[in-house]
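Here it is: the structure, laid out below.
Every chain is named by a letter (A, B, C and D) in the order it is written, and numbering of its residues begins at 1.
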Amino acid sequence: MPDDLRALASRVRPGMSLALPVDYAGVSMAMTRPLIDHGAGDLHLTCVPTGGLQVDMLIGAGLVRRVETSAVSLGEAGGAPRFNQAVRDGSIQILDATCPAIHAGLMAAQKGVPFMPMRGLIGSDILANRPEWQVIDNPLASGDPIVLIPAIRPDVAIFHAPMADREGNVWIGRRRELAAMAYAATQTLVTVERIVDRSLLADELTAAGTLPALYVAAVALAPRGAWPYGLWGEYAADTAELMRYAAAARTAQGFADYMAQKVPA
Amino acid sequence: MTALPREILICTIARLLDGVRHVAVGASSPMPAAGAMLRRALDDGARPVRLSILGSVEHNFFTNGSAELFDSAGQGRLDAFFLGGGQIDGRANVNLVGVGDYPQAKVRWPGSFGSAYLYFTVPRVILFREEHSPRVLVDKVDFISAPGVSEPDVHRPGGPVALLTSKALFGFDRARAGFALESIHPGHDLDEIRAATGFAFDHAAAPATTPVPDAATLSLLRGRVLDELAETYPAFAAQWRGDLAAMTSEGATA
Amino acid sequence: MPDDLRALASRVRPGMSLALPVDYAGVSMAMTRPLIDHGAGDLHLTCVPTGGLQVDMLIGAGLVRRVETSAVSLGEAGGAPRFNQAVRDGSIQILDATCPAIHAGLMAAQKGVPFMPMRGLIGSDILANRPEWQVIDNPLASGDPIVLIPAIRPDVAIFHAPMADREGNVWIGRRRELAAMAYAATQTLVTVERIVDRSLLADELTAAGTLPALYVAAVALAPRGAWPYGLWGEYAADTAELMRYAAAARTAQGFADYMAQKVPA
Amino acid sequence: MTALPREILICTIARLLDGVRHVAVGASSPMPAAGAMLRRALDDGARPVRLSILGSVEHNFFTNGSAELFDSAGQGRLDAFFLGGGQIDGRANVNLVGVGDYPQAKVRWPGSFGSAYLYFTVPRVILFREEHSPRVLVDKVDFISAPGVSEPDVHRPGGPVALLTSKALFGFDRARAGFALESIHPGHDLDEIRAATGFAFDHAAAPATTPVPDAATLSLLRGRVLDELAETYPAFAAQWRGDLAAMTSEGATA
């Protein structure tokens, strides 16, 4: 495992909150084993807005105390086995959300406000189980109940992107939830397919899809770092590998055996 | 031409989408996607129909991350959406979370995704679940991911309009908060529907049969739509083509 | 004047609210004379978040009833003469704001919520003069006053951008306030330097800076359509022309004379 | 080497920016920009200093439109900012709107820009106005674009720390809500400051003189910083170079 991935992982301390992106946006799977080896546990995961393989592995490795998410699954490969088991066992706390509520919480942090209002939710058991989400009467129009979602301020956001430059600017394209995570988080750790010499801010075409270094604490090179997930514009998901994991991780032992395997080069 | 059961479903979906400008479907929802593609093909030249397939790179015209779908719904720019559900009850409550006591559900499903928002903001939400059984269509869901109806003071421009299964099509009456059987698909009957449905519903004494697509629609569906679909759902499209080939050869040998 | 600019202008009806961008983001100066010739008046202008030459001209032409803005000026060329005169005369209503309040109002519209909370403002005369902006006690932490900014939902947003494709997608680069305006507005009218044949969504590099056609009601070609303002990545501002306007428009007659001149080709 | 008055101001600004990670300046603010560039040059190798010049394409590393500056301030990522003001009063209230009764002001200025937000959220706001006269430094502003102090319950991580004019440097005491004279620039004296200031302020019996930059700082300023500045503010840089040339030739002929 490259030293720089290890260095990134070492920034995570026990009890921290981590924001992790949805499957198709750029999951830094390359960081998963370094995080597990590093071993900082008692983590609070915020899935932006849903989770998959990485979340399942961190749960399986026993590092997770709580998950806030709109869903966790392996997509075509089915349910997330370690997540489902942990929920049944009650070994993790689950904070069920709905996608735009997670976006709203991050937006509140981005804007430096304590909450964002959000439509919907009223009458759902999601809301009924989230006492920190408050229903108020819209102060601008009485008789109009509306939910307030508190700001979500992750300690660390972690994702994978196609490229970064030497100044630490990261190209995220149109996957702007990655920027939203970074704006909201205290520090953001990024793995990339490649590092380019020319500043991504040097021309307007690349600048348009760039997260400025202001928000980026550290960058590490990790070619095919989303595998077995795909990376938009770069490579497709390895569904067979996801299926192989899904089958193996049905049991704790199967999960342990899978994780004990050497990572394919 | 004889229509396959899935073709009747797809044509029914296209019918339910009549008049939409923008419809979104989930990542692994080939039938709703096919219905939307058929709608787009039928409206070709008359009205543009935009189709967003969530999680797809190909059929994703959004450029502001995964929040943009929800934002566009909040702006009133999304006319139709599909919801499934591990459980759907007679008040159109949807459960995507699990069976048994929350949170330590006996069976845990992935979670509610965007349902608790889109069900409120998208005017035409179509409940689509092929499995039509008392296990899915229950009297009361164990967990409400998104409620079918709301109190009158709750801001709710959207909600359910229909429930489509492999056996039948129901309409939903928001005022009454209940389903009414609109039509039964060919090959099924009212007794079977009653037995397979865990909630009470209104129905005519002799319910209508779900219309079978005409030859022109079928040919559009098996031509342009199937080709378009194959780009995003190759496995589903291949199986469909296989079934069509089997049906043709059966017809030939009959 | 090209017919398509005339067609765009004809979508504006008396009494409508118009959102117009800041000087450096891409002002559709090409639309200014068509709007004046079209003559729909009684307009409410929302400057995103400040205004300049276009706002001054629309005011000078008598089309404006009300301006919501964080500032109006001609930058290096000094104060905005027709705006300043109209404020002194009381012939327009001025809704003084502060930049992030206008962004907050547009964001509320983007999110489909009735308001956005915002820090700051308390104790300012800006707030004191905006009765529709409410101060509430933060429902999530008592003893914490916070301002709510109502949603701003313009009828029409108008801006100028480098390029559009034949499907109506518009490339706005990193000037994402243009997207914010379009999300919030009912319809968006865009002039562009050029129309390209290839879909802007066809590759991730251009897609990253593209406003999808979903939000765009009409596009018209207008080369150098921001002149005398500049357009980022394309051409610089013509400061001499701005100075010439600033000097001329000190009086109503001088303004009328300036506007009567033929537009340079 | 003798320092020009503007060089003393720029070095004072750089001193006030000691320790910042990220500073933003307005579009037409060459002196604050020069101060920030000098700070960056002084900290070279020790600590990165990010400089955002609003409205500039060159010195703009933001990629989320004009809202991003304010967002970054709300996130606590902006350490210092400069505010001017048509009027500034003894409680550090700032008026960017106009003179006379609002809204039909006798004199109308452009408007408040982002002041009513950044004054609350940026920890180190430096009030910078070269004109030091009773017209600008008033007892009470006619319109509060942004207040200098807030009630204790108001969320306010930011606010004014200093007021720098062509004649003097004041510090601001938030608890007392008043200015104290820190130093007078060479060539000015306390009586002049008193006469030119429309509000009361604390001061020592014999106020300090604003330090003049040492030779090393001056050479950094006239070398690297002036070159950097010329890219964004060519007219200002050219005038400065002209004044330096005139001073040198005066010195040669003296």
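Here, a contact is a pair of C-beta atoms (placed from the backbone, for glycine too) under 8 Å apart; a residue touches a chain by one contact, two chains touch by 3 or more.
This structure is a prediction, so every number in the text was calculated from the model and none was measured.
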item	value
Each chain counted as touching chain A and chain B at once	C
Chain whose Cα centroid lies at the greatest distance from that of chain A	D
For chain A paired with chain D, centre-to-centre distance based on mean C-alpha positions, whole Å	41
Chain centre separation (chain C, chain D; CA means) in Å	29
Computed distance of Cα centres, chain D from chain B, in Å	61
Interface hub residues of chain A, defined as touching at least two other chains	107, 111-113, 118-119, 144, 146, 174, 179, 207-210, 232-233
Multi-partner residues of chain D (at least 2 other chains)	62-64, 74, 121
Touching pairs among all chains present in the structure	A-B, A-C, A-D, B-C, C-D
Chain C-facing residues of chain D, complex	27-28, 55, 57, 62-67, 70, 74, 96-98, 102-106, 108-121, 143-147, 150-151, 153-155
Touch list for chain B against partner chain C, complex	22, 50, 61-64, 71-77, 121
Chain D partner contacts - residues on chain C that touch it in the complex	22-25, 48-50, 69-73, 75-76, 79-80, 83-84, 87-90, 93-94, 96-101, 103, 107, 118-129, 143-146, 174-180, 232-233
Complex contacts: residues of chain C adjacent to chain B	109-113, 169, 179, 183-184, 201, 207-215
Footprint of chain A on chain C - complex, ascending	104, 107, 111-119, 132, 134, 136, 138-141, 144, 146, 148, 150, 171-174, 203-210, 232-233
